[in-house]
Amino acid sequence: MENLTTQMAGVPLNHYIYLCAIIFTIGVIGVLTRRNAIVIFMSVELMLNAVNLLLTAFSVHSNDPSGQVFVFFIMALAAAEVAVGLAIIVMVYRNTKSIDINILNRLKW
Amino acid sequence: MNIIITISITAFIVLYAGLFKAKKALLPLTVVGLLTALGFTIGAWNSNAIHFGMMQTDNFALAFSGICIVGTLLIFLLTQNYFHAKSDNVAEYFTLILFALAGMIMMVSYKNMAMLFVGLEIMSVSLYILAGIRKRDFASNEASLKYFLMGAFSTGFLLFGITLIYGATGSFDLDKIQAYLVDNSKAISPIFYPGVILMMIGLCFKVGAAPFHFWTPDVYEGSPTLITTFMSTVVKTAGFAAFLRLFAGAFGPLHEFWVQPLIVIVCLTLFIGNVTALFQKNFKRMLAYSSISHAGYLLFSLIVLSANSENNVLVYAAAYTFASIIAFAVLILVKQKTGSDSFESFNGLGKKNPLVALSLTVAMLSLAGIPLTGGFIGKYLMFLNVMGDYQMLLVAFAILNALVGFYYYFKVIVAVWFKDGADIELVTPTQYKLVLLVSVAITLILGIYPAIILNLI
Amino acid sequence: MEQLLLLIFLPLAGAIITAFAGKSAKMVSTIISVASLVLALFIACNFIPNASTQFEANLPWIADLGIRFHAGIDGISMLVVLLTNLLIPIIILSSYKHDYKNLAAFYALILFMQTGLLLVFTAMDAFLFYIGWEAALIPIYFICAFWGGKDRIRINMKFFVYTIGGSLFMLMGIIYLYLQNPAHNFDIQAFYALNLDSAQQGWIFWAFFIAFAIKMPIFPFHTWQPDTYTAAPTQGTMLLSGIMLKMGIYGVIRWLLPIVPTGVHDWSSLAMILSIIGIVYASLIAFTQKDAKRLVAYSSIAHVGLIAAGIFASFNLGNNGVQGMQGAMVQMLSHGINVVGLFFVLDIIFSRVKTNKIEELGGIAKLAPQLAITFLIIVLGTVALPGTNGFIGEFLLLMGVYNYSIWAAAIAGLTIIFGAVYMLRMYQNVMLGKTNELTITFTDIQGTEKLVLYIICALIIIFGVYPKPLLHLTEASVQHLLEQVNQKLTSVK
Amino acid sequence: MTIEQLIWLVPLLPFLGFVINGLGRKSLSKGLVGIIGSGVILASFLISVVIFFSLQGDTQKSHEVFLFDWISAGTLHIPLSFLVDPLSSIMLLIITGIGFLIHLYSTSYMHDDEEFGKFFSYLNLFVFFMLLLVLGSNYIVMFIGWEGVGLCSYLLIGFWYTNSAYASAAKKAFVMNRIGDLGFLLGVFLMFNFFGSVEFSKIFPQAANMLPGNNTLVLITILLFIGACGKSAQLPLFTWLPDAMAGPTPVSALIHAATMVTAGIYMIARSSVLFDLAPFTQHIIAIIGAATALVAAIIALTQTDIKKVLAYSTVSQLGYMFLGLGVGAYTGSFFHVLTHAFFKALLFLGAGSVIHAMHHEQDMRHMGGLRKKLPVTFLTMMIGTIAIAGLPPFSGFFSKDEILAHAFQYSPVLWGVGVLTAFLTAFYMFRMMFLTFSGKYRGTHHEESHVHESPKAMTIPLIILAVLAAIGGAINIPHIFGGNEWLAHWLSGAGVAQHELDLSHSTEYTLMGVSVVAAIFALLYAYTRYVKGARVPVADEAPRSALAKLSYRKFYLDEIYDFIITKPLDALSKFFYRIIDTKFIDGIVNGLGWSTSEASKGIRLLQSGNVGFYIFMMVFGIIALLAYTFYYI
């Protein structure tokens, strides 16, 4: 375990930042390109995980635990979001028999 | 602290009361709970207590908590025979609204970004549900899904911003962040800047500032009117409090960096909000757009950071909140009678219901910013604030937008007084009367003698 | 001080009472307005005609923003206050023959507006001035849009947005002055004391001037006016043309000239050109108007143009601009009385034959000799025949313009000729000639109509034959104003 | 009773008459109205007489009577005060004297008019304003009267306002006067600028010691002269006067012959000090005067309406007076004002009596042979005609010849014009007389039987005026006839500039001879043409020789004015209103609103309702912001 952390410490911080930025961007692109609500939702989760990873990296880097604590907050609330989100999607599916977001443009202008 | 606790406990009690089908008890319980919370708020005045380094109930926090609580209280009073018509499990509404309120209290009094995030999420998640609470109503579904998807999306940016700032400063604590900026103002870590911008994006989304405003009109229109009221008044206020707390406080030293994009955002918001509102046929949607434009005015306070920008936001938010509550209350009444929330359904309202029409007029005048109403004082303070930095062009631009604003706010007045339609006689429950009178009173007092609130913070 | 507060808030209280008076609103509002007229006269009697500000009320209001309820009366204010409180009862009386719906609201709004006007005319605090400015606008908007004629909603919307747009820029200017003011308050004296460079003065001039120019209105900011006058109910038109328009003139004299003399100095020639263009332009347009109300509206643009020209001319003349300035004073009052008279006559005619189309009328004089005579006197007052109040004002104004430039006077003087042309054209086509089947049933004036018209004619002739009290009332203040302005102007140079 | 104590009564009495008659026009009986109306004038006439004689006895020739302070602003002080001096005192006599006669005449002439009371109140008001005009001790008080009489002439021309042609004539008169009045006003302003006062007593002394040809003085005098042109119907502003005949005949006699129209001459005579120092202006005045005299005379040649003839002759005579003023014969002109007042009033009243007898028939082509029917009228009018024709020893001869003599001294050309005019005058006057009175009646027998001499109230004034017209010349008989030129001496007391003729007696005699011969020729020609030849003017539509047509159509002046002034202005008005105001200026204002709402229509489409699009826009914004950030770093 020790050497793992030391090894991780070996990786320069920038790489984490770039990596997470990339993952985050992938998430964003996913949200942009997909029309299926579930997939969009998954992409959002990807964005959140990128954040989590970066947070952890930072907290290790500046060996300050609060960062990782924050990660737990994020996870918890992400879970809550998942619950609510899926419920909403299910509800929508019940009514429209579809989870394609472009179906939903009754409200406009 | 105990404010949040009180509210949360009330929420649970209400939930259980719901379980035991004690519908009659819901409203009294809630009111009692909120009044207690309000009591605590007032009690804690000037205490400026810090709770575990996570929250700080300074006067700023308390003042905004106060407004949020009072606003919520008024909105609860509007529930009289509103939900009963729609669904039988009313308790959920109450609980969720209360939870959202609790989240907002956190948002206005956070000292640590964690609390900002938590509060924001508590509020948002409750709102996602509230927006979609009419299960079989397509509009409601659509509203909640749109809100949810985009909300979650924007949360991502907020979080990424928080992370970057954490990475730069090694802390989530506002004071520490500010200290960091002050200490090494020369060598600020390059990842701090994107952090600020990403947080700005996240918060702009919450307060519905262009170009992150797109959810606002649709969600406001789709959600049940009462929820819309809640969102466009209390939620917005809380959002601004959070925004202000972060940017006026922690990021203050970096002002000249983020003010440029903010000015652009403000202009966009004003323009899109006002101009689009001009063409609306639907009163509710018009109010949604007007709320966007008001977000623009509110952001003025961040363009020039002065000793009383916080207070200006307070005044403006108060004026805006109470005026909007009137507008939505009347909308609910009209919709209950006519089933439509288009302008036409307001035609000739003044003939049969002078009281309602009069208070609606006051509300519209206040929203338009006519002197002797709170809205004017709010706008005046904002202009004054910005003029302090001689941002003449910005003010001129705002004035032009205000002129556009007169058009669509007066469209309502015209419909109410000068057009003749089916002379409907509204049934105005006593609680509505109460809400209207209180709000009108506050609006006028704010307009005629604002001294009482001017240097609260 | 007490008298002043009473003067200002009596109408407001009256408005509230009237609002709940129901059927008896007519009577109540009349009593209130007459009472405030008496009060104004009382104040005028106790007024010492010197340059000092009297009956001053200076109370804290919004301390944190440096806003005080600071009002007072000097000669110039006294005149317009008198005008206001003189015309309001007349206007209320003039509405007796009408049975408007929602009477109570109608009269309440008129009285509410009176308070706003009085605030404007007495304010010594810029913020208070602005509040009064808008407080006068809101009720007139409702009066015109609720009781007005066809297409009233669109027209009044335009009028409202147009005017309030102007005033918002004025507010911007006021805020700017406030920020420049080291004392951080809105006190007029503090503003007078400011020393701004010419660039600042330049744009503050425009911020204020636009607001005032729209209100008066000065060419080319006038296009809201004819429509509004035509669409408004007669009482609304009277309020607009008789009193509200004076807000602009008063604003120029009280707030524009003394605060930014350099700005005015730099731009006054342009302002004069606009005003003089307005005179000729509006008079010419009045020639071929088919609707009498519209004709009078345009004539009023011409007259106001002359007043404005006189003011700006006298400003440039330094201390010997007294004639022009005094002319402006008298003419403010005269124009108020005359134009109200004209619109009332047109209202009487409209109430009889349901039209103001000039060519549809004719031969009324035979059937209504009393109306013919009173109408003629009012017309003569409007065309400034010597011996009527109109002459005093226009004579002094033209003299002021003349002292500035003979050519300006020659062109502005065309109003003497053109005025006669269109006014007499109207009078001839409406009153003279043969009666037609439309006017054959015309009945002469009686009751309150008679009363009001007699009062107006009496005023026209009295002020025409013996204007001394008026001139005396304002002279000291005008002198002082001009000295102040020039001393400031020279100190800048 | 000194002058100061009496003078204010002179204008006050007519004013009282106006008030009483005005208020009581319904209640009072016609008789009473008549008595009051004429009575007040008679009273102020008597007072004027008293004043006149006390002034003659008085060593101090001018009295200024201050009533009250009218307008005062800064350095400007305009008191309402009167100036009684030889000039004004004589004017008082004319106005009240002739005024009284005409009032008397009217009591019978207007007897059948239901607006009898109104008529007298207006007439009294006119006298009041006219008195104000001549009594004013400064230009502004004069201006009150100046415009006041304009108002009264408006009211009286349009007295029968149900006829819209008459109403238009009234309006025309007022407006044309207004054009002059603007000139007058500007002149007054300039005087105030230049002399720092508008008081005669302050201006003239200052002016007296200035050099001739001072530019400001020239400008002042020109502006004043423009004023005079309007009031005294000179080219190019005279067309209102003939139309003014729409009013009742007594009005034409009083206002448009005897008094008001001579206000211009009075004003210039009053300001003779100024005009004497502005030779350029005098030159213009002389030319305009001569031109007017000639043009009007030519027009008068072919008129068929008896009143129109007299109207144009009035214009022509006024031209004469201005010619006199121009050549510096102030006394001469004023003398002519007096004599003209007598004989022209007489002629108008005579014409009135004819019209009265003919039951309001004014066209001479329907008259003829009235000498038998109306002996008094005929005789008196004949005296008037001889007087105006300038045949000695009647009044017209003296005044006219004084003017002509000065004109000759000034420039023979002008004199030539004058003589030609005199010839024409004599011709058309006799033409009128012959057409009206000689030959045989040209109406139906039935009508003829109704023609009868007018009642006493009408004939007595005629007789009195006839006497005056005959002997009126006596007050200023020139030296060459051993006269003492009393009027000249008298007026010099009022500071009216005097210029001695330095013509040899022989020249003077020849000049007189020429004009007298010309007049006699005219008489004979008219006699042969209309009595012997018994010619009658052809009907309106009948073809005329070009010159005759030009004269008959009044040189098409009305048409020309209508074409070059009225029509373009109306067109301009419509253009301003329809295009500039509605389309352009208001178009811009509305355009702003319109474009905003259009923008709104467009922008709201952004809100497509499509989440994907929303998110795309958001990301777009985010990218922009981040770009800014990285640029900033």
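Before moving on, here are some points about what is shown:
Order as written gives the chain letters A, B, C and D; numbering starts at 1 within each chain.
Here, a contact is a pair of C-beta atoms (placed from the backbone, for glycine too) under 8 Å apart; a residue touches a chain by one contact, two chains touch by 3 or more.
Not measured: the values here are computed from a predicted model.
The chains touching chain A as well as chain D are B.
Greatest Cα centroid separation from chain C: this falls to A. Comparing the chain pairs B-D and C-D, the larger number of C-beta pairs in contact belongs to C-D. Per-chain Cα centroids separate chain B from chain D by 79 Å. Averaged C-alpha coordinates put the centre of chain C at 37 Å from the centre of chain D. Between the Cα centres of chain A and chain C there is a gap of 67 Å.
Each chain gets a centre from the mean of its Cα atoms; for chain A and chain B, those two points are 27 Å apart.
Residue numbers of chain C whose C-beta contacts span two or more other chains: 161.
In chain A, the residues that touch at least two other chains are 28, 31, 101, 104-108. For chain D, the set of residues touching two or more other chains reads 593, 604, 607, 609, 611, 615. Contacting chain pairs (ordered by label): A-B, A-D, B-C, B-D, C-D.
Interface residues of chain A facing chain B in the complex, by the touch rule stated above, are 13, 17, 20, 24, 27-28, 31, 37, 40-41, 44, 47-48, 50-51, 54-55, 58-59, 61-62, 64, 66-67, 69-70, 73-74, 77, 80-81, 84-85, 87-89, 91-92, 94-96, 101, 104-108. Residues of chain D touching chain A in their complex: 604-605, 607-612, 615-616, 619. Against chain C, in their complex, chain B makes its touches with residues 365, 370-372, 380, 383-384, 387-388, 392, 395-396, 399, 402-403, 406-407, 410, 414, 417-419, 449-451, 454-455. Looking at the complex, you find that chain B touches chain A at residues 113-114, 117-118, 121, 125, 128-129, 132, 135-136, 138-139, 141-146, 148-149, 152-153, 155-156, 159-160, 162-164, 166-167, 170-172, 191, 217-218, 221-222.
Per the touch definition, chain C reaches chain D in the complex via residues 158, 161-162, 220, 223-224, 281, 284-289, 319-320, 322-323, 326-327, 362-363, 365-366, 380, 385-387, 392, 395-396, 398-399, 402-403, 406, 409-410, 413-414, 416-417, 420-421, 424-425, 428, 431-435, 466-468, 471, 475, 479.
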